[in-house]
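Right after this note come the structures.
Shared between the two complexes below is subunit A, which has subunit B as its partner in the first and subunit C in the second.
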Partner chain A sequence: MKKTVSRRNFLKGGLAGTAAVAVIQNKEAHAAQSFEGYPEGMGVLVDLTRCIGCRSCEAACNKEQELPEPAKPFDDYSVFDEIKHGQKRRTDETAYTVVNRYDVPNLDHPLFRKIQCNHCQEPACLTSCFVNAYTKTPEGAVIYNSKVCVGCRTCMIACPFYIPTFKYSSAFDPRIMKCVFCYDTRLKDGKPPACVEACPQEALTFGRRNDLINMGRQRIRETPGKYVEHIYGEKEVGGTAWMYISSVPFDQVGFDTHVPKEPILNSVKDFLAIVPMVLTIWPGLFVGFHLLATRKEKIKEQEKEDKEGQV
Partner chain B sequence: MQARKRIMQTALAIAIGGVLIAPAQIWSMDAEDAPESVTIDSLVNLYTGVEFDHAMHVDYASCQECHHHTTGGEVVNPNCARCHSTSGEADEVTCTGCHATDRFNETYIRTLEAPELYHIDKPGLKGAYHLNCISCHETTSGPTGCQDCHTMTDAGEKMFYTGKYSPAKGHSAPGH
Partner chain C sequence: MRIFSKERPEIPIVHHLKADGTEWTIKEKLWLGLSIGEYKKQFFRNPVNWLMMGIFALGVPLLLQRYIYGLGAVTHASNDYPWGLFLGFGLFGMVPLSASGFMLGTTVELFGRKDFHPIERLALLNGLLGYFFAVLFLEVDLGMPWRLPYPMFVSLGPAAVLFLVAWHVATYLSVQVAEVLPAFFEWIGWLKGKRVIRKMVLGLTIAGIILSTLHQGALGALFTYAPAKVHPLWLSVNFQWIHFFCSSIFAGLSMIIISSTLIRYFMAWRCDDEFKDSLDYITIGLAKGCSYSMITYLIIKIVAVAHDQEWSYLLTGWGSYYMLELGVAVVIPMFMFAIGIRHRYVGLIRFAALIAALGIIWNRLNTALICYNWQLYQEIPHWKEVWITITIYSLYFLTYRFIVYRLPIVYGWKGEK
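Moving on to the complex of A and B:
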């Protein structure tokens, strides 16, 4: 059996050396804290059994976020057949959300999954950012300040869902681009995001995260056999504001079911609580994160090979 | 949990307002009481309204399939029947009577916090229509495409970058 270093252990090992002193000093101040996300935070429950792949959410997001004209109309469903680098469509700097189709064996109809930032309760993008560009707002959104972003791409690597992307309009003005839960234009005024409002099927239910978990459980309980008994995002990576329920096992509709149940950077939280200190050891970190990036790809490749090997 | 359900039963009857605690005799509406046609246009924006041929749909589905427990007929959905098997006909049988047009507004979301509330997950009006219509149309080979039921408006075409707003031909996709 090959031993793969988990991201957290790797970080722990790699960073411990440089940061050991600081961690020890800060241990007392931070050890007792366990940030569970904001209890009043909002979220969205995505019900895959309801989604019909109409792409209204994509169109609404494009308009709301003033994103560029798409290559194809939003009512063009040939996009579901697009494969780039062996993968289905992903979010990028022109699309904060995309819907993909999954043809599940033994199911007489396809399933569709909308992806966007999941607005983690304890976001890896946030904890990994050296310059504190990210903020988790009490309403539940993970937003960013592109003015302070230095374009190091650490968050891209840290995000377990491959969400943040970058726009390089000029080499000196990099900008993180990702779904912001419509924070500026809607969420902070108590309004639902544009994609939610546009969805004809109410496949996207906006509400308080705690209420959404109850709703999800109620749907699962009261329609026996319709759903698998799991709310993806209730526990994954320490909990996410956007959660999913599905009629088929999550790995059949493109979910990574191997993400840890605890926050990605839990074990280095003490360390990350001392961001200013981090600034002084930047170069070391960059090397670390570069290794991390290559590592992540390698692990993926390895997994792929392993899988292929099994077939 | 059981106790909670019982409280919910009582609370619901009051909360929903439209529901009658039926006296001795339970009567029900029948198809003749129903309107011939219903214009569904309260949400018109990206699409035009739908002229719903109610009379025609009566041949396809029982009242309860759309009106759940409000027309006074036998309640078939087991989840509805738990509380509403003897509720009888409701004062309000329209979709808008129960399904909120503004499902996600702050005030509505706040009402979901009531601990005794059973209906924590009632779809809004738009969701109720589409969920009910499309799922039935799928099994009865009815129309399921967006524009099979309603035409896109100019605002819709603009948002979807379609029709006269289609991306120019030969427009290259971003990236490679």
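Moving on to the complex of A and C:
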């Protein structure tokens, strides 16, 4: 519990003090401030103009994370035509990353977009988890601990990118299945994740998040007209470790451009703020109401006693 | 229950002693003073029991399937809709309908309105069972139900809204057990326990208000984690918690009107005269509470639309659906309550309560399922999921009936108190 997001620690302190004083020991005191991510956090810049939809990243991820073999092999491109509930493919318990094809009007070739966990700076899954199963590591990964997970699936509700998935197929050993930036096998040792290493087009660039933002800006600046002037993930939901640059507006290639520009946690704060107030104000307020409401009865009782005393 | 006859005045049991002066044993009390043959006879004569058996005949195997082959075997295993009917109905719907406990506890114990006393225990029981079965629904839905105590003792994430829900529902459940215990103590004849609880009653009531305010609100606040998913009309980031809290007031009161009506007409043998005679008066009083909280709710719902500048959404199809919900589930019952109170039409009030209670379930299902992911697609629950939900609800019904048949909930215990 030592190194989590500082804002989280602050809230933890506030809530722990009121809700669970006896159980929590929070020695670190932090001022309320916005957390802008670990300075040395790593990330990946995805350049949609370079991706050719070869699915090498999907194959590499499948192998690295020891996921089950899919029904269709990774060189079968008919998966791009799969539509379920009117939606293109998404992550599930057998795939942590998925590439989808987008036919953009007025463009002579399709565009491809890889999805996986974006590893937010201030992750919604982490802040919504009531058993602390998620951790944002200083290296930038959002990792998950299946040993404490209860399977409530609030993280799946909270994730604005629809990334975490649940192993519904298991009754005795279910868990959340999601991209962990190859943390245990690679990132921890400073190595790029398997998908990045497998990309033949250099569509994925691994590096320090701060450097990647500069690189993205440089590409946009140096080739005028090639890119739209936006790095998706720089500001979205408070910033993500995985970021995208694109030649067409992001909503045309499946991105949700309506996600808030601040961390998801910010929209929950209104409620979190009233908690200590209710806990401290209600007792006094309602005892007061009780005394006011039962005053007449008390007076009557007193009068009765006085009378009885006189007789 | 026609088996109770003039020849056996000691049944239904309201006293420790039989007509001949000997004491009822606990076992006899459990069998309602009937012989096993008589009990069976009355059990199989009741068509509701046949319906229940039909539901369980399929429901129990489906539950087994869920626990052996996983959630995916009985639901659509959706990653887009992680919460289905078990939580959408079982948690988000059952909990507001169980707000009756803290509402009536506050009215009687805190505000000293003794005229509502005859229905207080029913309200407390309604609350206790509603919460207990909400937890049971949660146990069906959780991926690892055996880890239910983890957020309490093993790994704590106190900054999460669900952490609050977990702690508050758990503590509030214990508070409600304590509040219902006196009825049990009277029934088994252990008065010392009752006196102990009596001393704590004000503390318990206030704890009930605090915990209810917070977790009813917290259930709403859970959706503020999905500001980009839930349809803006059903999600007000700033006011969601107070929408949920305020609507739980009339939901709980409506539920207790429904439950007392059913008991009054289908279990008249179990009610004492005080309960029967005061029920109309009490129902009108509860309706007043409903209409006040409904007008408040309606206004704060409109305030939220104004605050978030969402007027233009009202002109869309989703907007029409939203106004339909507010109209049918809030405005119509609100006027029915008002007319019912003014002209003392208790029947109209009872009908309004039914609409209001169904309306709250509708609102929670809208928020958790129908208008969640409004930009993607709507998920229709698997039939097995629906059946399991009905099964657990039937179990709730049976438990409710089992307790009201026996404990002094809608009648006063004639033995020592």
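Quick note on the criterion: the second predicted complex is superposed on the first by the 231 of 311 C-alpha atoms of A that agree within 3 Å, B and C clash if a C-alpha of one lies under 4 Å from a C-alpha of the other, contacts with A are read in each partner's own complex, and residues count from 1 in each chain.
Just so we're on the same page, a contact is a pair of C-beta atoms (placed from the backbone, for glycine too) under 8 Å apart; a residue touches a chain by one contact, two chains touch by 3 or more.
Source: prediction; values computed, not measured.
Tell me the contact category for A:T154 with respect to subunit B and subunit C: first, second, both or neither.
After superposition on chain A, A:T154 lies in contact with subunit C alone.
Of subunit B and subunit C, which one contacts the greater number of residues in subunit A?
Of subunit B and subunit C, more residues of subunit A lie in contact with C.
Which of the two partners, first being subunit B and second being subunit C, lies in contact with A:R50: first, second, both, or neither?
In the superposition, A:R50 touches subunit B alone.
Which partner does A:Y162 reach: the first (subunit B), the second (subunit C), both, or neither?
second
With both complexes overlaid on chain A, does A:S128 touch subunit B (first), subunit C (second), both or neither?
Second partner only.
Quick one: is A:N214 in contact with subunit B, with subunit C, with both, or with neither? Answer first, second, both or neither.
First partner only, subunit B.
Quick one: classify A:Q87 as touching subunit B (first), subunit C (second), both or neither.
The second partner, subunit C, only.
Do any residues of subunit A touch both subunit B and subunit C, and if so, which are they?
Dual-contact residues (subunit A): 92.
Given the complex with subunit A, which residues does subunit B contribute to the contact?
Of all residues in subunit B, those touching subunit A are 46, 79, 103-106, 109, 112-113, 120-121, 123-124, 126-128, 130-131, 134, 138, 144, 146, 152, 159-162, 165-167, 171-175.
So in the complex, which bits of subunit C are touching subunit A?
For subunit C paired with subunit A, touching residues are 66-73, 75, 77, 79-80, 82-83, 106, 110-112, 141-145, 147-148, 150-151, 153-167, 202, 206, 209-210, 213-214, 217-218, 220-229, 237-238, 240-241, 376-377, 379.
List the residues on subunit A that touch subunit B in their complex, please.
Contacts found on subunit A: 50, 52, 54-56, 59-60, 62-63, 68-76, 92, 94, 109, 190-192, 196-202, 205-208, 211, 214-215, 218-219, 222.
Which residues of subunit A touch subunit C once you look at their complex with the stated criterion?
Where subunit A meets subunit C, its residues are 8, 11-12, 15-16, 19-20, 23-24, 85-87, 90-92, 124, 127-133, 148-154, 156-158, 160, 162, 164-171, 174-175, 256, 258-260, 264, 267-268, 270-272, 274-275, 278-279, 282-283, 286-287, 289-290, 293-294, 297.
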